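The two complexes that follow have chain A in common; it is paired with chain B in the first and with chain C in the second.
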Partner chain A sequence: MNDYLGDVAALARKDLALELRARDTLPAMVLFVLSTLVVFHFALPRDAGDEAAYGLLWVAIVFTALLGLSRAWVPESRDGAIDALVLATRDRSAIWVAKTLAALAFLAVAELVALPAFALLFAPLDAAAVAGAALASIGLCVVGSLAAALASAGRGREVVLPLLVLPLSIPLVVGGVGASISPQAGDYLLFLGVYDAVFAILSWASFEYVITE
Partner chain B sequence: MIRAEGIEKRFGGRAVVRGLSFAVSRGEVMLVTGANGSGKTTLLRLVAGLTTPTRGTLAVEVDRSRLGYLAHEPLLYRELTALENLDLFGRLYHVPERRERVGMLLERFGIWDARSERVSSLSRGMVQRLALCRALLHEPELLVLDEPFTALDEEGAELLDAELVSLASAATLVISTHDPDRVTPLSTSRLALA
Partner chain C sequence: MTQTRPSLPVLAVGSTALMSAALLAIFFVAEQDADQGLSQKIFFFHVPIALTAYACFGLGAWKALRVLWTRGERYDLESYTAIHQGTIFGALTLITGCIWAKASWGVWWTWSSNQLVLFLVLFLFYCAYFMLRFSVEDGPRRERVSAVYALFGVALIPVSFFAIRLANDFIHPTVFTREGPQMTGRMFLAFSVAWAAIFALAYVMYRVELAGKRTDAHLRELREALAR
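What follows is the complex of A and B.
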């Protein structure tokens, strides 16, 4: 177990180091989510109400996550580094866990900017909405990292990734919006937690087959 | 250590490797030769476990963690330094006394002075030397080398010659090359792909 966690830590650290050095994902995500919220601010009719605004927040978050995920496996695709990882890791699921953690870290930073911006431009966010954002972000990164690995293996990564992730993200959007506006926010948070657990187990177990033929 | 019986590898409708059978015993050095497109790289990827045969059986009796693989591509992160790349793979392979081993390999292949440079800024020959360090880092029992002399200058090629001589007595080697004369003295068997 310690070896496994050590592998995850080494791989996640590598992803963070690559991003700190190249800075080609996180700034793009932050700028995208901010500019999307600003555009929505002017696009939304004044009498649209807060419910519509919460829906648009989730559109912004899902597409920001997609932007990050579309670049998640680029360093591995270049120069065949993924082959070296596949050979070097004892349990290949460690590669997916590390990639998910790195994707989650990038999305969390984008949301640290996006959520206050949303509160400023649209409507306040309560603790349930923030918890919903956290749980849905975990779900997005869990399924998104696996889908991005699948998409990176073939041609047309930019087309395949949204086709895989968007249908799987619908329950997360429903849960995220529900946690923000429903009086029964707890039910939605529970739903998001179950989604995260189920898809984390499925993704963890299937990564070996995704990354090899 | 390696036993292949009637292996075939197809990509779509095209057979890249067809009905190949061979065996490599522990300690052998098998040389794989053939023209461009004859399937050498695909065969080596099959042996390394990076792809699976479409037909036939291929048994490689070595744990993946004891296999070293040098490919056409360097299999390195270009935005990490030479040292960071080897440190990462040393951690993943759980190499004992990792730092000493990494330092020793960088010294041996003449890239110690470039250890803090990003791979993207190294010459192709230096990258090939670093890729060799990565392949040898964990002292593999089975070493699969795809065109190992590619991009190496004469000094680098001589370093590799010396390395292969010492490895031939300690590991099983499968080497593909367009320059068989360079490796023939070491080889115990040869597989010529048509």
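What follows is the complex of A and C.
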């Protein structure tokens, strides 16, 4: 168990260190989510209520996550690094856990900017909305890091990835929007938790098959 | 393996007979719905087609599990064919659903019909399956990548179902229901025959497509052997 956690920590640290040095993804995600929010201001009709804005916040979050995820496996595919990882005689699902954690860290930073910006520019966010954002982000990264691994098996991963993730993200958007605007936010948070658990188990168990040649 | 199954021509004839019986039962045995009249007859197609599509997706996922389990190349083709048929029947569900919505509610599409929205989500999901599958080169990697995605599909069906029910709470406060009065005995008979007929049709189509795909694969192998 300690070995497993050690593998996860080492791999996740590697992704974060790469990002800190190269700064390929994170600045792009932050800038993207801010630009999207500004575009949305002009896309919304003048008399649209706050509820429409909450919906658009979720579109922005999903697209920002996609932007980050599309680059998630790029370092591994360069120079055949993924082959070396697969050849290591360790539990391969640790690679997926680490990638998910790294993707989650990037998305969390983007949301740390996006949520206050949204509250400032559009409508206030309560604790349930923030909890919904946290749970939905976990779900997005869980599903997204596996889908990114699936997409990277083929040609044109940037094109295929959104097609794979968007249908899977619909329940997350429902949960996130519901947690922001519904009086029964608890139901939506519970639903998001169940989604995260189901897809985390499924992704964790199936990752090995995706990665081996 | 193929010897134990009924042969394709027999199946095709049986499915045609069953379909004729279903048409007779739908139009002559089942009584006319008092409320919706003739347009209610589409129910006898729409619901069995939807159930068949679910069965195809389920079969695809089951075969996908076998791919991962046994690494059998045969199951990959079966899983792919089942999902292909499921997508065809899913599209038919959307089309018949739209026609029924127009006939009974006067609109081609309504977001408050949970089943229709679920099928739209599933249709998009399984269309992406084909995009994924054809972006990966032929081989064991493609088999496994497709299989994992097919397994995600069966998890997505119940999750989306609940999500759409939840979404209706805040998107649409009023919900149309399709459940009219309970089915009478004769309607239920017609429904059962129609279900069996569409199920048989789907199975025949599955077998035909599978036979075609297998012939293609054999032909390719022969060509490669000859080219050497």
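Here, the second predicted complex is superposed on the first by the 211 of 213 C-alpha atoms of A that agree within 3 Å, B and C clash if a C-alpha of one lies under 4 Å from a C-alpha of the other, contacts with A are read in each partner's own complex, and residues count from 1 in each chain.
The definition used in the following text is that contacts are C-beta pairs under 8 Å (C-beta built on N, C-alpha and C of every residue); 3 or more make two chains touch, one makes a residue touch a chain.
Bear in mind the structure is a predicted one, so any value in this text is a computation, not a measurement.
*Asks:* Go through the superposed model and pick first if A:P171 touches only chain B, second if only chain C, both, or neither.
*Replies:* second
*Asks:* With the two complexes superposed on chain A, say which partner A:I181 touches: chain B (first), chain C (second), both, or neither.
*Replies:* It touches chain C, and chain B stays clear.
*Asks:* Applying the touch criterion given at the start, work out whether A:A10 contacts chain B, chain C, both or neither, answering first, second, both or neither.
*Replies:* After superposing on A, A:A10 lies in contact with chain B but is clear of chain C.
*Asks:* Counting only touches as set out at the top, which of chain B and chain C does A:G154 meet: first, second, both, neither?
*Replies:* second
*Asks:* For chain A, which side has the bigger count of touched residues, chain B or chain C?
*Replies:* Looking at chain A, the partner in contact with more of its residues is C.
*Asks:* Examine A:D79 and indicate which partner it touches, taking first as chain B and second as chain C; both and neither are also allowed.
*Replies:* First partner only, chain B.
*Asks:* Look at A:Y195 in the shared chain and tell me whether it touches chain B only, chain C only, both, or neither; answer first, second, both or neither.
*Replies:* second
*Asks:* Does the superposition put A:L87 against chain B (first), chain C (second), both, or neither?
*Replies:* first
*Asks:* Quick one: is A:L163 in contact with chain B, with chain C, with both, or with neither? Answer first, second, both or neither.
*Replies:* second
*Asks:* Taking the stated contact definition, name every residue in chain A that is touched by chain B in one complex and by chain C in the other, in rising order.
*Replies:* 212-213
*Asks:* Would you pull the chain B residues touching chain A in the complex into a rising list?
*Replies:* Listed in rising order, the residues are 48-52, 64-65, 67, 69, 71-80, 84, 88-89, 91-94, 119, 134, 138.
*Asks:* Touching chain B in the complex: which residues of chain A?
*Replies:* The contact residues of chain A facing chain B are 3, 6-7, 10-11, 14, 17-18, 21-22, 75, 78-81, 83-90, 212-213.
*Asks:* Which of the residues in chain A end up touching chain C in this complex?
*Replies:* 143, 146, 150-151, 153-157, 159-160, 163-164, 166-168, 170-171, 174-175, 177-178, 181-182, 184, 187-188, 191, 194-195, 198-199, 202, 206, 209-210, 212-213
*Asks:* Tell me, which parts of chain C touch chain A in their complex?
*Replies:* For this pair, the touching residues of chain C are 68, 121-122, 124-125, 127-128, 131-132, 135-137, 140-142, 144-145, 147-149, 151-152, 155-156, 159-160, 162-164, 166-167, 169-170.
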